[in-house]
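Order of writing sets the chain letters: A, B, C, D, E and F. Residues in each chain are counted from 1.
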Amino acid sequence: MIRNFFIIAIVAGLAAIFVTLFWNFGDSTTLTPLATHYADKGAAEVGAPNLVTSIVVTYRGFDTLGEVTILFLVASIVSFFLKREKLQKDIELKRETSEIILTASKLLVPIVMVLGVYVFINGHLTPGGGFQGGAIIATAFVLLLMANPDFKINHRIISIVESVSGISFVLVGVFGILLAGGFLDNKVLPLGTFGKIFSAGAIPLIYSFVGLKVGSELSNILSNFQGIQKEEM
Amino acid sequence: MANIILQIAGGIMLLSIVLSTFRFFKAGSLVDRVVAFDVMTVASISLIALISHFAGRTIYIDVAIIYGLLSFLGVIIIARYLEKSL
Amino acid sequence: MEIIALITGFSLILIGLYGILSKRNIIKIIVGFSLFDTGLHVLIVTVGYIKGGTAPILDSVVGTTDVASKIVDPVPQALVLTAIVIGLGVTALMLAYALKMYQAKKSLDISDFKDMKW
Amino acid sequence: MEIIKIIGALITLLGSVFLLLGSIGLIRMPDVFTRIQTGTKASTLGTLLSLLGIGIIYFDIAGKIFLLIVFILITNPVSSHMLARAAHYIGVKKADVTVVDELEDFENEKLNNKTKISE
Amino acid sequence: MNLIIIIVLSLIMVVMAVTAIIHKKLAVAVIATGVVSLMASVMYLLMAAPDVAMTEAAIGSGLSTIIFFYVLNKIRKAK
Amino acid sequence: MKIKSLIISIITLFVIWVLLNMKLSTEVLISGAVVSVLVGLIFCYTCGIFDDLKLNPKAIGYWFLYIFVFIGELVKSNFDVARRVVSPKLPINPGFVEVKTKLKSKLGRMILTNSITLTPGTLTVELKDDTIFIHWIDVKGENMEEHTNAIVSKFEKYLEVIYG
């Protein structure tokens, strides 16, 4: 009883805060000074048409680095928790996979991969970028798992891809300190023509590394959750 | 003229999403809800295409491509869960 | 239009909070957390919306001159972009904890885990 | 120019009508399998037609629209097949008007064979 | 038009969120969360944020659902 | 046979890349070549999915014929189902029937079953070797031969030429 009362009191208190916030909310018609700077100077300074990309990769590059680190920590903690202690032999009879989904997965996995690569290489021109591309690459592994529930994702390859792309990401940032204005500055490579694929300095390179890293980390989390299905509880 | 016709089409698409929501709540089994979810996904792909017309940005079609290629996975996952072979 | 999105974000946060506080099943608590997350993201994106603005991508529609009067605020979008991926990571972590807790006590009820309660 | 736009808009309108028919079928049909039939199939054609209309209006994105149509044609039937297969396997209640079920006989026969072998 | 779309979407989102909290079956709660994610993605597109919409589409449709269902499958098997 | 399947899949991926980018500049072509060769080598080296595809002129002609036949069937049967949905008496007569197919190649079977599923009124429920189980919304005919003639044959005669 008293618990319910407390819950309702907390929710109502938060709702009251929201109502006051709501009454003071005015329609914003102009950008903040920071956003105005990004909008007016961003194209000349960074050379990327997608302003969100230029903020994520260059202006707030440290945020991206921190986020990739958090994701790496999550992947390692999940694999530590779901470590397989005793391998149980699979005795129960699973229903065999339909032939249609087997063929469809063979047909679709390369296409999904190409779509993921498109999303993170064109991150500075169209909506998308490393995080979306990484999520799409992990989804290709979901498709493989759906076609064959006993499919094993090779942990060696995943960890090699993950560490190589992570180290390269940091190295490109350090090159930014040596050759250009600061950490993760994209002007280590020439800016190129506005609106082409190979332009905007190092942004396609950085986003490719971020995409590979995010994709391999998410696949690692997935394969841990899949691996525990066999184990006896 | 073309704009008015497209607005009517958008209204009809919203109506179909709302109708499939009804089926979601008045479902006999889990499979019924999944079918309603599937229809909602497919209808929202065309809604995304219409929104890209109203906003005047053809670049939004990329989002529709991601949806069209990935949204069927949700249904397949639930189907594998139902036949106990995940 | 912003006002309705704002109300949606607020109500998703309140529903999620109510679910987190009142439900006893751990999976339900994680579902409530997921709803809270979505509501928060809707809220932050709505704060960055400018009336009549378009997406902050410079192509033939927007052009490269006088950009600031045409686009919406890109900073909240960049923050939400990373927050969604982190949200998935946190959800996966919580589910891993939930599995381990279920393995220990064979129960998903939060009131069965009183060992450290004071 | 205006004529082409109106033609595209009309095709989109036709597509949305098919979407509506799909969801009406979803509500009216008596059991799961007939709902999958009318719901997902009619809505697939509806989506194809609406995308085609948008592709006619904006001709410069016709390539992307074509790819999207091909993807939907590959993925959508696969998902409804998997759903119907799972629904039949777990024994969802069929409508009373169902006249014949040869698949159930087939599955039962296979089950009998399997138990015989194991004995 | 945008106003009508956003009103319908937010109604569906709120109703689905309430369903996700109060429904007894866990699988229904997870599917309802998926619907909320779907509608949120269309809503981000209306708020002129295609990057965010793409992220939500890629993560909410496949990855989030499969992690939840792996856990549900494990719990169901142990019972 | 492995080489042929690999080459076809690499070309398909390259076409998809160009269609996604919607322009034909040199850098799009270069990056597309690199990406499609890499993805094709890693993910399609052993899949052998296009092994049975025939590439003679007759088969290509039949491709176009098949597409036209398929679109015609799609529209016709959609109107048929729409009539059933809106008529107040709901004239349905559903049932699960068994049909046989003569196709051997896997991709051909997948395209056949997808076509059957996409034409409303019929829905593939199970595929075992050469037996397809179909949920039919309006069962006509008595035995398996009649069902096969009514559902499968109209697509099969084209796919047989394409996939052998």
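Assume a contact is a pair of C-beta atoms (placed from the backbone, for glycine too) under 8 Å apart; a residue touches a chain by one contact, two chains touch by 3 or more.
Remember, it's a predicted structure, so these values are computed and weren't measured experimentally.
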item: Pair joined by the larger number of C-beta contacts - A-E, D-F; value: D-F
item: Per Cα centroids, the chain farthest from chain F; value: C
item: Whole-Å gap separating chain B and chain C, where each centre is the average of the chain's CA atoms; value: 21
item: Between chain B and chain E, centroid-to-centroid distance (C-alpha), Å; value: 12
item: Geometric centre distance via CA averages, chain C-chain A, whole Å; value: 15
item: Interface hub residues of chain F, defined as touching at least two other chains; value: 16, 20, 113-114, 124, 126
item: Contacts with two or more other chains, residues of chain A listed in rising order; value: 50, 52, 95, 98, 100-101, 104, 107-108, 111, 115, 119, 126-129, 131-132, 135-136, 139, 142, 218, 221, 225, 228-229, 233
item: Multi-partner residues of chain B (each touching 2 or more other chains); value: 10, 17, 34, 52, 55, 57, 59-60, 62-63, 65-66, 69-70, 73, 76-78, 80, 83-84, 86
item: Full enumeration of touching chain pairs; value: A-B, A-C, A-D, A-E, A-F, B-C, B-D, B-E, C-E, D-F
item: Chain C residues within the chain E interface of the complex; value: 1, 4-5, 7-8, 11-12, 15-16, 18-19, 23, 25, 27-28, 31-32, 34-35, 38, 41-42, 45-46, 48-49, 53-57, 71-72, 77, 80-81, 84-85, 88, 91-92, 95, 98-99, 102, 106, 108
item: Residue ranges of chain A in contact with chain F within the complex; value: 98-100, 102-104, 106-107, 109-111, 113-115, 117-118, 121-122, 196-198
item: Footprint of chain D on chain F - complex, ascending; value: 16, 18-20, 22, 74-75, 78, 81-82, 84-86, 90, 92-98, 113-114, 117-121, 123-126, 133, 135, 137, 139
item: Residue numbers on chain D that touch chain B, as the complex places them; value: 2, 5-6, 8-10, 12-13, 15-17, 19-20, 22-24, 26-27, 32, 35-36, 39-40, 43-44, 46-47, 50-51, 54, 57-58, 60-61, 64-65, 67-68, 71-72, 75-76, 78-80, 82-83, 85-87, 89-90, 92-93
item: Chain B partner contacts - residues on chain E that touch it in the complex; value: 1-2, 4-5, 8, 12, 15, 19, 25, 27-28, 31, 34-35, 38-39, 41-42, 45-46, 48, 50, 53-54, 57-58, 61-62, 65-66, 69-70, 72-73
